[in-house]
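Consider the two complexes below, in which subunit A is the common component and subunit B and subunit C are the respective partners.
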Partner chain A sequence: MMLAALLLVVQVGVAAQDPRLERLDPETRSVVVWVVDSARAVGLPSEPLIQRALEGATKGAAGPRIAAAVRRLATDLGTARTALSQRTSAPELEAGVAALRAGASPEVLTRLRDARRPPLTMALAVLADLVASGVPADSASAVVLAMAPTARDADLVEFRKAVERDISLGAPPGASAAVRAANTGIRFGTSDAAQNPSQPPRPPSRP
Partner chain B sequence: MFDRDDDIVERVVRQLRQPVSIDPALDARVMAEIASDAAPLATPRPRFQLRRWPWLAAAAALGAVLIAKPWSGGSDGAANAFQFVLVAPQAASVSLVGDFNDWDPARSPMQTAQGVWATTVPLPPGRYRYAFLVNGVEWRADPGAPRARDDEFGTPSSVITVGGTGS
Partner chain C sequence: MRVLALIGLACGAAVATASGQITPGLDAGIAAVKYDGFLLSGAASVAPSVRWDHPRGKGFVSARGTYLRFESGNRSLDASMRGSWFAALAPRWRGELGLGLGASDYASIAHFSHGIVDARVHLMDQVRGGWLATSFGQSSFGAGPRPVAVVAIGGWLLRADAAVFASFDRSFVGDTAYSDLRSSARLQRGVVLLEGTLGARILSDGAGRGVYGEASATVPLGGNTALIVAGGRYPTDVITGSIAGSYLSAGFRLGASGGGIRKPLPAARPRPAIPHSSSGADGSRGPLLPPAEARLEVAPGRSTDDPVKLTLYAAGARVVEISGDFTDWKPMELRRSLTNGEAWEGMFRMTRGIHRINVRRDGGPWTAPAGTTRSADDFDGEVGVFLLP
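For the complex of A and B:
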């Protein structure tokens, strides 16, 4: 008990000495330091939490909003780690949080972990970015899971860029993902193109 | 639909957005070359010092070429240099702020050439949130990058993901 208390004091001291957090008001800083130390104590990365606090400070957000954002991120990092593994790297956890917040379920993260060799950072990030582009979360999850076993990081990025290009030209996000996936030999969804991978995809036209 | 000027600007921006990376071994190679020809500090050798200049010039030229050349490789954990670009002809100042510079506007001021603002930042593998701060007051997301979905602070941000040695 004494040892735990001592460790806590030492850990609080370490975080409190981080000069970057001096940009926060004292009340917010104490909350953020507590969350950071709690996260560190259970083996979660602290740097993403500090960066989120600094983002809020630079953007002039109110203290309670910063504290809530940091707390929420700590919770989500824990959820991502549970879904991925205890040995997951900080970048993978951050990308996992992005995927979860985009709408992917923890089960999708676990399946991705089982389907692909680490690092999973890019696969998780592409999943999150596809959803951010407007692709339905289920479709994005399905296509990334289908590509995960064999696709290189560069292939995933190229896929995301192709979908974003289609969307910028006026294609519906879900349809674009389906057609592009079919073009790489992946079957998912219900569109005609997805059911007939041999059929060349029709390029979307300008609106 | 773009007119000709817009098209040129778009092409320039596209070119500038190409990732630039520096071979992590460059420092070691340059230092090895310099060290191999370095005289002891206590015994100056003017004749050899003159000969050192071609090596230094060659090293500088090599560095310039590597910096200018887009490099697709990069080992896990090594930082690659990425160029961030924003077209803002009316802006008086633009700073790049994000997870990679502690969200400090003073750390990455951007340079402009006819309204195209650019700066280069080394990034190790990871996922980073960032935004542009225009004129010190206006937050803008990167129009050429995915948007961060969780804009919890009421202003837009973008994300960039730098891969490691993915399969």
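For the complex of A and C:
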């Protein structure tokens, strides 16, 4: 506890010198610095928190709103790290937060960690993208988990692009994910792995 | 009488019994169908149906099954049942209580089912009418049931050899919501019955948008047989689980086709029940926002140390700025491309991973560009998220 407190004091001095945060008003800056340093003290990345504060400043958000956003992000980063691993990289944590906010559960993140070798950034980002595109969170999670053990990052990206193309053509997001998953050999809605998921998703097939 | 009814069913003839009229039917045909996301495919279908009508018009029950086989060898099975009971509420006013059930399976990959209860109030005379309806129920894809609610209003006009319909409905299936504005017509020209539908899906969140239309011609061949030629495009039906597609079909109908004022549906239209769902079990959903005016393209460098080229396509813009976590959220003005007057470019150093970006053109509001995943930011606005692999 003493060490943590000491770290906190030391880190406050470091963060307070970050010139980028001078764009915040003094009251907001002090809150943000406190959150950033607290996060850093427990090993969470500080840069995403600073960036969130700067985003709020650029968008003209009120100080309390900025502080709340930074606090919320710090909490989400902690949740993502708990679900993933203490050794998770900052990009993975950011992608994990995106997936959580999209609707994936912490359990899904943990299962993904167990199913795939790091880095998990791409898999988490694709999961978040699928849900943000309208694919139901449970369906998107099932697909990504099924592809995770052996699919390359490029395969996941190609899968996401294929679903986005379908959606832009008017296909319902869930149907597109189901069909695309079926085209890769995944039995949609089950945990069956793809027959050969290292192959990129096939182009549109006949029904 | 029961034996007679069964014989009638086998022969495709309507059988009147003391307890009502039973009308069997059998549609068989071939089609070329292009579902969204699939290649064009040939298909053959067989669809038996049966309908029972109350002798005094107080209600009906109909059931239909469809076996559809595609040229790939995949097959689709679909079964549905619909029943309605009518009651006189007042002069010219009628109430209707209905129940619809259905289930389908596509290639043993996807299963779908639904159950809907609806209530309608009709106001009608001999040549025109209108109705107001509300429906509730559940639609399930696999183990994920989702609530269904629909409100609809419609009207019809009847002439000697023609009928015209128009309706507007708003449907909610889980967190998917959409509206359909539809009009349709039936026209009798000699012995040929022509039917057409024109509609538009609007105000849609998760169920697609666009204009659709179908047309069919039914030509009696004698006896209880008719030739039906149909074609067109239809929208996704989120409740019953068919995805949007276009088709051209020809088939035969054995048995009475039925008449009266009802929604015309081409008989030989093949619709494999490829289930879909656009609502999460937890109700979560990314926001679907209107398309941005600018589209972002990201061109990573050859190595992770190389700067990344961002190109914004913004037709007609005089000034284009971006702001993102790779600029510390400082607005940066892009320069117009030397080769494309609608493209604006900039080189930025950024790390691999997820990035957030906003775009502003001509000093307007900050928006999320197309080409990114649009998300709600924490400040009552939107932000574009993209992944640098």
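The criterion applied here is as follows: the second predicted complex is superposed on the first by the 181 of 207 C-alpha atoms of A that agree within 3 Å, B and C clash if a C-alpha of one lies under 4 Å from a C-alpha of the other, contacts with A are read in each partner's own complex, and residues count from 1 in each chain.
Rule of thumb we're sticking to: a residue touches a chain if its C-beta (ideal position, glycine included) is under 8 Å from a C-beta of that chain, and two chains touch if they have at least 3 such contacts.
Quick caveat: nothing in here was measured; it's all calculated off a predicted structure.
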Combined model on subunit A where subunit B meets subunit C, clash or fit: clash
Partner chain in contact with A:V157 - subunit B first, subunit C second, else both or neither: both
Partner chain in contact with A:A171 - subunit B first, subunit C second, else both or neither: second
Which partner reaches more residues of subunit A (counting touched residues only), subunit B or subunit C: C
Partner chain in contact with A:A95 - subunit B first, subunit C second, else both or neither: both
First, second, both or neither for A:E55, with subunit B first and subunit C second: both
Which superposed partner A:A125 touches (first subunit B, second subunit C, both, neither): both
First, second, both or neither for A:A146, with subunit B first and subunit C second: neither
Partner chain in contact with A:R117 - subunit B first, subunit C second, else both or neither: first
Overlapping segment of subunit C (options 26-34, 188-196, 224-232 or 296-304) - the one that collides with subunit B in the superposed model: 296-304
Footprint overlap on subunit A, where subunit B in one structure and subunit C in the other make contact: 20, 48, 51, 54-59, 61, 65-66, 68-69, 72, 90-91, 94-95, 98, 101-102, 121-122, 125-126, 128-129, 131-133, 153-154, 157
Contacting residues of subunit B [partner subunit A, same complex]: 76, 97, 99, 102-105, 125-127, 129, 139, 146-150, 152-155, 157, 159, 161, 163-167
Complex contacts: residues of subunit A adjacent to subunit C: 20, 48, 51-52, 54-59, 61, 65-66, 68-69, 72-73, 90-91, 94-95, 98, 101-103, 105, 121-122, 125-126, 128-129, 131-139, 153-154, 157, 166, 169-176, 178-180, 182, 187-189, 204-207
Complex interface listing, subunit C residues touching subunit A: 33, 35-41, 43, 70-72, 74, 76, 106-107, 109-110, 141-144, 174, 176, 206-210, 236, 238, 243-244, 272, 274-282, 284-288, 323, 325, 328-331, 351-354, 356, 358, 366, 373-375, 377-381, 383, 385, 387, 389
For the subunit A and subunit B complex, residues of the former touching the latter: 20, 48, 51, 54-59, 61, 65-66, 68-69, 72, 90-91, 94-95, 98, 101-102, 116-117, 119, 121-123, 125-126, 128-129, 131-133, 152-154, 156-157, 160, 164
